[in-house]
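In the two assemblies presented below, chain A is common to both, partnered first by chain B and then by chain C.
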Partner chain A sequence: MNETALKELLYKMADDQLIIGHRNSEWTGMGPLLEEDIAFSSMAQDKVGQSHALYQMLHSLGESEPDTVAFTRNAEQFHNCTLTELPNGEYDFSLIRHFLFDTAEAIRFELLTESSYAPLAQLAKKIQGEIRYHTMHANAWIKQLGSATEESVNRLQTSLEKALPYALGIFEPSPYEQELIAEGIFAGEEVLKEKWISRITEILSQTSLQLPDLSTLKPEFGGRTGQHTEHLQPLVEEMSEVFRIDPGAEW
Partner chain B sequence: MESLDPRVNRLDLKGFQGNLTRKAPLDQFGTFEVFIQMKEGKPYQHEGIVHAPNEEMAFIFAKEQFSRRSTCSGLFVVETRNVFVTDFTEGEDTIYNYISDEFPKEGDKEEYEFFHLMKRGKQHQHVGSVEARTPQEALALAKPAFINEKPVFNAWVVKTSDILFTSEEDKHIWDTLPEKKFRDASDYKASDKIKAFKERNAG
Partner chain C sequence: MYGGGNTFESAKFEGLENEDPQKLAEFEARIERGEKIEPNDWMPQMYKKQLIRMIEQHAHSEIIGALPEGTWITRAPGFKRKLALMAKVQDEVGHAQLLYSAAETLGKSREQMIDDLIEGKSKYSNIFNYPAFTWADSCFISWLVDAGAIVNQLANARGSYGPYCRALDRICAEESFHLKYGHHCVIHMATGTPKQRQMMQEAIDRWWGPMMHFFGPPDKVSVHTEVLMKWKVKMASNDECRNQFLDMYVPKIWELGFTIPDPNLKKNPETKKWEYTEPDWDEFKRVINGDGPCNAERLAVRRVAEERGKWVRQALLTPKTKYVTPLA
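Showing the complex of A and B:
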């Protein structure tokens, strides 16, 4: 098995889950209503838990301990797509990102249940339940607010247009696409993207929101190779603040 | 952003007016009752309430509100105003002593679910369902089976069609990663650590 290709895939997935999990957790205590605050925070915690499982897998392949990997790297060593690191903004943006990202995440893990790398296929099966709720939550909100009032539709539409180029960055091709596909580790970003487009189109068509012609948009690539927006480094610093005070502390 | 602190907002008050205006309703959603089944085969029991704009969102909220830590195999929600409740009894007195055998006999039969409170301070548990024309009739029909049993202190009746159940395929949302101790405060053994820290510093 091509371990370099596998690790590249695992790193970008783990970093996606960690960074989106941390970002979403910034809503804790500030959600639009108590029930949503709890639901969104709980999902954020799921995502951090999923990143931990992936870092653990990398550790078993010879990489450092999960905490070391999560808390001691700088922004340019992260492989998350830039969509996950953008500031929360208002709730409409967070919901749109949640919808766009989680739909892709769900399909990625669905495809990975068939992975030739058994531990990854196993993990993908295990977390399908969690992710099913995450997309159920996202779809319910988008369907509600996407056809509610003029303000809610306008806000979501604006956020959708802002987020889409970054969302296309999720599918930035890996240098190892061919190897991953050939070895049956992963079906590849192009397959994922096509499925993602049809699924978001299906949900959005049930709302008053308009999906722009995606072929006219320039995807925001770079995240997968460590070229991030200015928003990631402050996030990483805040996330690792406590760890860095005493890296040897037992939790 | 404008401050949400009333002490700050009141600084802008300019004079007072004597004319009357309508009392504004609270800016919040209605409530939905949430019932949880911890394990396949166990009865559903009432877990609490969520605020939500409709039953679909109530379900979404209820799932994380009431089943994010414990095991769960099913959940259902019903709008609070669709739950019909009796008075409370106490001691050895069952509420069925007060359920009339007389009930109006108009309308079509529909299915109703009924719930019992067997211990004050505990949750209502789902007991069964019965075909009836009204909630009152549903309880009257249940009465013969329960009047001479352990006292029921309070009963709830809900029309089955008013309930949003979990679909079979959605039951997967409770298949989650088992390694989730990080969700429980107890796993961090904070008090042990604080105690050890204090002892170290005292010594």
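Showing the complex of A and C:
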């Protein structure tokens, strides 16, 4: 088992879940209707919980405790894709991001249920079951708002175009892509991306939204190697504000 | 989370003489027998008005209460606290959802209620007009403000209006987990580093006044109050609730080695009642009427959320949509 390759994969997934979970939680008290506050909070809890499980797996491979890893690193030490760290913006942007990101992660964990690394395959089965509800939520809202009023369609279209280059950044190839595929740990970013395109196309075709030609877009890479937008460091500082008062203390 | 203190101040009490005396007598007899009143049952206008007001204020308190704690979700130290606080604040928003539905059974829509809130026409629990400066403040809220709310809500759950009672039963069950979470947080602060202890003591010092205000000023004995008690709309006096809270929680706070900023606070062994320095009721009135440290901020946040979400709500409405009586 190529442990370096495995850890790289686990870190980026764990960081994705933590950062998107953190962003989702920012909707608490701020949603367009109470039901959406509650829905985003549920998804936030799932995702943060999933990140914890992945950090726990890393810990079993010799990395630090989940709290230390999550609450003491700086932005450049995170491997999440930049899509997850972008501010929530208006509901249309959060919804589009939720749709694009969660569709990808649903497929990622589906693929990982076949992983040759048994603990990961097992965890992926559990996570897959949780994420199914997240994509159901995203799809329901995309279909509803994506063909409702002129304003809702325009807003979603604008956000879709804004988010897509970052969404393509989800699939930034790992330096260990070949090893992961060869060892059967993960099917690889390219396979994931192809499946993702077909799934988002299927949902978007049921709305008035237009998916631009993805081959003309320049993916926003960098997140996987710690090169982030200016939005991640403030997020990390906020997240660890209390923890850093005394990292040795029990809170 | 909700305190009873601001509910009974300004609802006008009139029109009782216009009610059908026979129906009124039957209504009162049902309540006397311990029956619950359901949405389609006959009820005096005053009962309905008072309940809408009370449930609506309770619902508003839940969503406004989510704000001071919500700001600590993104700062919660460690996975355990982060996950628990998210779930806790989510519960509070869920309580608002339940309560707005309960109030809607009496004929006022959620939209109207929220409009009244953001236009400043409707009140919410005064304690949320104070800022949560540190993590310790959020611990205080989760433990002691929720504890106060439970005292209040358990009393109201024995009331006469079915949908409100059922909502409160469920709310109290959830609040009891919040209380455990909050207590756990405070214990960790109490047994932690000197810095943690200091943070917690400072939070107690900051929040004690608002906490004493939480249950509202001593009730004026009036015909109004007597009728509401007979109708089981008001189930316990503000002072009774405050005393019960002090009885349950002051010893626990002292046990953790913290002090309470009131030199006169003690239990009278003869009357078994707590004695304390009257909190500043002028401040209470000032804050409740809009001049508190966070009133403007809280309503502004709510207003922005409503404004930004308008297009979503509009997009959900189609001409075919029909109003459905909520099942509370």
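Operating definition for what follows: the second predicted complex is superposed on the first by the 250 of 251 C-alpha atoms of A that agree within 3 Å, B and C clash if a C-alpha of one lies under 4 Å from a C-alpha of the other, contacts with A are read in each partner's own complex, and residues count from 1 in each chain.
The definition used in the following text is that a contact is a pair of C-beta atoms (placed from the backbone, for glycine too) under 8 Å apart; a residue touches a chain by one contact, two chains touch by 3 or more.
Here the structure is a predicted model, which is why all the values come from computation and not from measurement.
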Clash-or-fit label for the pair chain B, chain C on chain A: clash
Partner chain(s) touched by A:Glu130 [first = chain B, second = chain C, both, neither]: first
Chain B versus chain C as contact partner of A:Gly49, first or second or both or neither: both
Contacts of A:Ala140 with chain B and chain C, given as first, second, both or neither: first
Contacts of A:Met30 with chain B and chain C, given as first, second, both or neither: second
Partner chain in contact with A:His22 - chain B first, chain C second, else both or neither: second
Comparing the two partners chain B and chain C, which touches a greater set of residues in chain A: C
Partner chain in contact with A:Glu241 - chain B first, chain C second, else both or neither: second
From 6-14, 186-194, 204-212 or 276-284, the chain C stretch with C-alpha clashes against chain B: 186-194
Overlapping contact positions on chain A, where the chain C interface meets the chain B interface: 33-36, 38, 42, 45, 49, 52, 144, 251
Parts of chain C lying in touch with chain A, wherever the complex brings them together: 63, 66-67, 70, 73-79, 81-83, 86-87, 89-90, 93-94, 96-97, 100, 135, 185, 188-189, 192-193, 195-196, 301, 305, 308-316
Partner chain A, residues of chain B touching it in the complex: 28-29, 50-54, 56-57, 60-61, 63-65, 68, 170, 172-177, 179-180, 182-183, 188
Complex contact set, residues of chain A against chain B: 33-36, 38-39, 42-43, 45-46, 49-50, 52-53, 126-130, 132-133, 136-137, 140-141, 144, 251
Residue ranges of chain A in contact with chain C within the complex: 22, 25-26, 28-38, 41-42, 44-45, 48-49, 52, 66-67, 70-71, 90-91, 144-145, 148-149, 151-152, 155, 238-239, 241-243, 245-246, 249-251
